[in-house]
Amino acid sequence: MIPDLAQEGAAVEKEWVPESQAPVVMFNNVGKTYGRYQAIGGISLALSGGVTGILGLNGAGKSTLFKLLMGKLRPTQGEVRLFGTNPWKNPAPYARVGYVPENENMHDWMTAFEFVSTFARLHGLTRDEAKNEAERVLEFVGLSDVMHKKIGRYSKGMRQRAKIAHALVNDPDLIILDEPLQGCDPLARTTIMNVIRELGRMGRTVLLSSHILSEIERITEQIVILHQGRLLAIGNLHAIREQLDNIPHTIEIECDDAKALARDVLNLEVVHGLQFPSSSKLKIFTHHLGEFHQRLPKIIVDNEHNVMAINNPDDDLQSILKYLTGGVR
Amino acid sequence: MSKKERGETIWTSLDRKATAIAEFTMRQYRTRLSTWVVLGVGFLAISVVLLFYIDAMNTEIEAIDNDGDSVDWDGDGYVNGQEFKYGTDPLDIDSHPGLLDPSIEPEPASMYINEDDYDWDYSDASLISTGYDDDGDCRESQLLPSAQDGNSDGTPCNIILIYNAATDTYLIYADPNVDEDPDEDRYGKEAQHRAFILGVGKLGFVFLLSIFIPLFLATGLIRDEMTSGTMQYMTAKPIARGEIFLYRMLGYLAIVWPYLLVVCSILAIVSGFMGPGDQFFRFADLGVWFSILIAALLATLVYGMLFASLGVLWKYGIILALPIAAWELGMALLSMSVPDSSFLRMSIVGWSMSIIDSAAYLVWPDMDMFTAAGAWAGGSGEASIFFGTGNALPGYRALEWAQSDIGLGMGPYATTIVSMVVLLCQAAFFWFIGQLIFKSKEIV
Amino acid sequence: MYSAKTMSKDLIIETNALTKSYGPHVALDQLNLEVQRGATGLLGPNGAGKSTFFKTILGLIQATSGEGYVLGHDIRTEGLEIRSKIGYMPEYDALDDDMDAIHQVRYSGELLGMNPVVAMSRAHTAMEYVGLGELRYRPISSFSTGMKQATKLACAIIHDPELIIADEPSNGLDADSRQAMLDTLSNMVNTGNRSVLMASHLMDDVERVCENIVLLHKGKLAAQGRIEDLKAIDREIEIHVWGMANELEQALGKDGLEVRREGRMMRIRHDDEKTTHRILKCAADTGAQIRRMHEYEASLEDLFIVIMERFGYGVKSSEDLLASPAEARKVDAPESMGGSGA
Amino acid sequence: MTEEPTFDASAPITGKGRMDTAWGSDSADQATVAKPKAKTGQVFEQVYVPWEGTLNPRWMRNWAIFRHHVLGIIRKGHRPWGVPTKLVLIFVLIASMTDVALTLLFAVIGEPSLYELWGVGRNNLYAHVLGFFPRNMLFYPLVAALLVGGVISEDRSNGTSALYFSRPINRFDYVGMKFLAVATIQSLIIIGTLFLYYFADILSMGRGWAWILDTFPMFLTTVFCALLLIITYTSIGLALSSVSRGKFFPGIALLAVLLGTKTLAAIVEGLFDRSILYLLSPYDSLAHVGQALIGTNVMYNHPWIWSLVSVIAINAVSLYVLSVRVSSMEVTRE
């Protein structure tokens, strides 16, 4: 049931079975429709631990998924479980969750410090505890030098970080970030990515959505891919890629003497095709990417080839999404 | 992280959340210009009425000769009143007190204006014989003793006040020329003072402020946050939506209630010092002011809950709120004219106003008698004339407009308590409905 | 996509010591700019003054001092002429959610003085061009961000303007809609022979569409010129490693190579011809898989960070990231009376 | 990121599927797009079509704004007035026609005394436009509030002000046309029904020229008073709309101004018998002017010229606020 193997195009990573009895996040055949428009249709999913990127195009249902999880929407079918409890009309599990909504509007009239400490008190902290807590999380996201300034004066990146800070009070076990990098300039993006990676390193469960694939790639390899409200894939980026075995992987190698390299590579049984786009370029088709890459450096080094570049055009998130959504099966 | 130390009861943590959201809301409203504009305009409106009150208190009400005895009909130099007193003929130039022995000097006409004020204490009793003929034009006049006792109670030159339980009115049976020329200034100031307190309390505080302030401040309490999306932050915390609703409301009240307290106190103090009477400060009126404050506080609470719930219910909740406000205006006017109408039981303003009416009844038990006296106007008022309005004493009409009886048919204390309980129940009901809707709202 | 070679020397925007200040806050500081025909990217961190610059050259706000010309018109006096000749695509949503897309675009044409019939036919053309042909009768509220952006673009190009000013055209778009938006913009430059001035903080976008850039920082001109000229020449080799990354990193370090690592990705200083060989050797020794290896061309993003760091713009010092003060962000909205709408 | 578009020969490339994959539709029918055959990121034929036409002058642009707002009441494709607004407009339109209906009804019944009660006369003309209950307590202020509520502030919150100001439209035209459009819609309701009422009377009673000559000046005066009312309500409302961001604030504030000042003046009159405060109340000033001009009983103690001056002053202040706010209006989304 979790995850649903019957899902078309779904790929499952074995290690993702949660260790504890109740997974942090669980969706069981969850659907959500607005009128006649289906935002999410029959998603089954369970997640625990680590940083997970939720990928999808605009409108794929990422925000809807998070809002279902936060009890802001009521599922039209199926059940949602957050730490094993139903979050709809039940705020109790939020005590262990930090949620960063996509919405750009914030309480512009407050300072970041007031913002974070006020919302910390909703966790039941006293005034003093909340103040210490606010200082701690703002320091963590790197806003301690400006935390007494009005949020209205912040740039987008700082606003995002203030939002993240407010979600981090009370040390949540699960942090949900909806498009945290959107609209940020490179500097802010770098900082926020560092914060998220840090959280992952601290052992929190982090869910993060994005539509910019390279961003997720820089943060995590655990991904969930949504498309048109359907679960397309879940698991490790590369594992997913390897499950799509019927599509030959293409590897491009740029070297001095393509033919010579081809001769050495040809002996590998995982290679089932070769192509020479030019005299210094070699295209290799393989069924088993991992095994091929395992052996490739040794072949090159042993045979003293001079390789300028290795390119793997199929092995990025974008192309995976393309395969999955493009109906290649 | 001090997770371990937080082992207190659920109440302390609730309390923390409550103050957090309430403070948050207060601060949010404080930073908005619109809050201050709304509160400022409200204060301005009330102070305009106050200015008119101050002006009225500082203006001498022109004394009117109600019984017409300051004129000298026969032109003998003695005004009618003096001639009445000494029993001479006011129509005969050759009959005046100067011819009496000893000869009496003519008195100035001004002595015969307001020369015979009310001597009653307007006390509340079913049959009271009272009144004193200050200028002696009854006692000293040459009328027969039987004519001096026009109301046939056995005592000449007095007045009897009878409470007619059937019509709930006071009847005044006066002997001729007793208390026939009341002091307009004294009566008018007192009447205007009371009318001001009641009028500004009922229409100014309970209607104008208590409807428009919640309309501006409470309708968006939840709705604005939902449309701007900032509600996302709050609903993602471990706190029930009903609590959010309640605590936001607390924050709103924390702005509105002190504001009402301040405005009410300013008016109470100013009118206490400015008000008529010999005393330095009219302490007794504070009771009425207190009831006005209570009524306004409860009204803002109920309206706040109602409008906030409407805001949660529908994006265009304000459109639903407007007919309600119009209904309440109608009810406010109704409760001032027909206080026992059963329609009032279906309003908020009706219950609030009965709190003020009860307090007024307690503080000014003589109110009914007082208004009756204003209408009687020394015998020349509307009570003595069958049709038409006659000339009631100044201030009578304002008082009549502003005051009303307790409509519930219970004692003042019972009315106050019942009204307050009903208002609180209304607030709780609207809160319950509001949080129920809020709870099942999807926040997109 | 550096294919647009339709450059002519004439300038479309020229400013001379252009300054705009809001009280004590200087949003644009003595700006001397020359924008040529073709596609130009306007870069800068959030709050660098990009939007203010656009508003100033549109004649929507009065410059405090200095002068500027757009398509030969003075920005101080000929705002109406400028605005009939350019198409402006604002950064934020500027569409009425309850209208159908085609009507919104048509109305935007009518507002320029087209008569309703012409505006309608042009609206169809524009919608077709931006790729919303099939969706034009749908209400805008049902649109995704990408479609909304495309509708905004259609509104801006309905009267075939000489210059399109696009503020953050790809903001919030996913990869495919972003691609489509950028393709449309470069198509306008290449085949439509129009000029595009676009602001963005996604370096990739600018690189794909534009050949010139203007870099603003705190209202000052930080850099201006052709992208290729501005790029740094630090050469590195980027590898994507799969498995044994830590071991490989250590091995590379031991081998004397300078490694920067970000997760699965490593960048190694390109010292000489032998570098790639050394990398592969280390990989062979440790058993790490090198999924990708290529020469890393410094991107505009790096350039941006380099230039910003030259301004003392460290990533961690957030004081610098403070955007312009509130009065510059929303000049006339002093928590206005409509606070209730906030 | 070089991408080679891969064409699946068997796939029918529909525009819809293609667009949905390219733009990430979020409300497409599930069935149509669940398995798009075309690969994403495919570049389709884009041909830039230049346009050689010339743009019309200013009056045409202004006409477009006017048309957009007025036609929006009845037709799709123009300004989308909210459903509640339209419902209230219909309701008030019907409610304003009660006197038309009653005139016709009693003409049919033919009872002269009843007819006198409802037929055209000074008091009834006055009541149609300026009667406090229910017209000016519930109907007309509500219509003005709903129309005026979002007309400027919504542009500010939607960001559509950029649509106007990034085009060759100056602020005076922008506000002027909005003012005219809103006033026109109100006129359709108030003055339109007034005309109906008048003509219903002529038709149903078969009035002759003498009667028409007799009553026409009175009728024209009423129309003038109605215009004054519409202009005053609109300018106050637009001024409030220009200072605020929210959709509802201007509406409530307009009602608060109209009804609040009226209540306040009524308190002062009730308590201290002074009618001077009615000068502050837009409704009462208008009503006073109307009473004096139409010739019904004047219910105020001060001279009606004061009320006229007050109406003019209220309009002047509102228009001043409006012009100041709009000229400093920032082209941004708030």
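By letter and in written order, the chains are A, B, C and D; residue numbering begins at 1 in each of them.
One rule holds for everything that comes next: contacts are C-beta pairs under 8 Å (C-beta built on N, C-alpha and C of every residue); 3 or more make two chains touch, one makes a residue touch a chain.
On a predicted model such as this, the values are computed, not experimentally measured, just so you know.
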Number of hops, subunit A to subunit B, where each hop joins two touching chains: 1
Chain nearest the overall C-alpha centroid of the shown protein atoms: D
Chain whose average C-alpha position is farthest from subunit A's own: B
Chain pair with more C-beta contacts, C-D versus A-C: C-D
Centre-of-Cα separation between subunit C and subunit B, whole angstrom: 66
Computed distance of Cα centres, subunit C from subunit A, in Å: 25
Gap in Å, rounded to a whole number, between the CA centres of subunit D and subunit A: 50
Subunit C and subunit D, separation of their C-alpha mean positions in angstrom: 40
Junction residues of subunit A, two or more chains touched: 37, 57-59, 109, 211, 318, 321
Residues of subunit D whose C-beta touches two or more other chains: 21, 23-27, 40-41, 244, 246, 248-249, 253
Where subunit C touches two or more other chains, by residue: 142, 144-146, 174-177, 335-342
Subunit B-touching residues of subunit D, taken from the complex the two chains share: 82, 84, 88, 137-138, 142, 146, 244, 246, 248-249, 251-253, 255-256, 259-260, 263-264, 266-268, 270-274, 277
Subunit D partner contacts - residues on subunit C that touch it in the complex: 51, 55, 58, 60-61, 79-81, 83-84, 88, 90, 92-100, 103, 106-108, 110-116, 118, 122, 125, 129, 131-135, 138, 142-147, 150, 155, 159-160, 174-177, 179-180, 183-184, 187-188, 191-192, 194, 330-333, 336-342
Touch list for subunit D against partner subunit C, complex: 3, 14-16, 19, 21-27, 40-41, 43-44, 46-53, 55-58, 60-61, 64-65, 67-68, 76-80, 153, 156-170, 240, 243-250, 253, 325, 328-334
Subunit A-touching residues of subunit B, taken from the complex the two chains share: 1-3, 6, 13, 16-17, 19-21, 23-24, 27-28, 31-32, 228-230, 232-241, 439-440, 442-444
Contact set on subunit C toward subunit A in their complex: 44-47, 142, 144-146, 168, 171-177, 201, 203, 239-240, 242, 262-265, 273, 276-277, 280-281, 283-284, 287-295, 301, 304-305, 308, 313, 315-319, 321-323, 325-326, 329, 335, 342
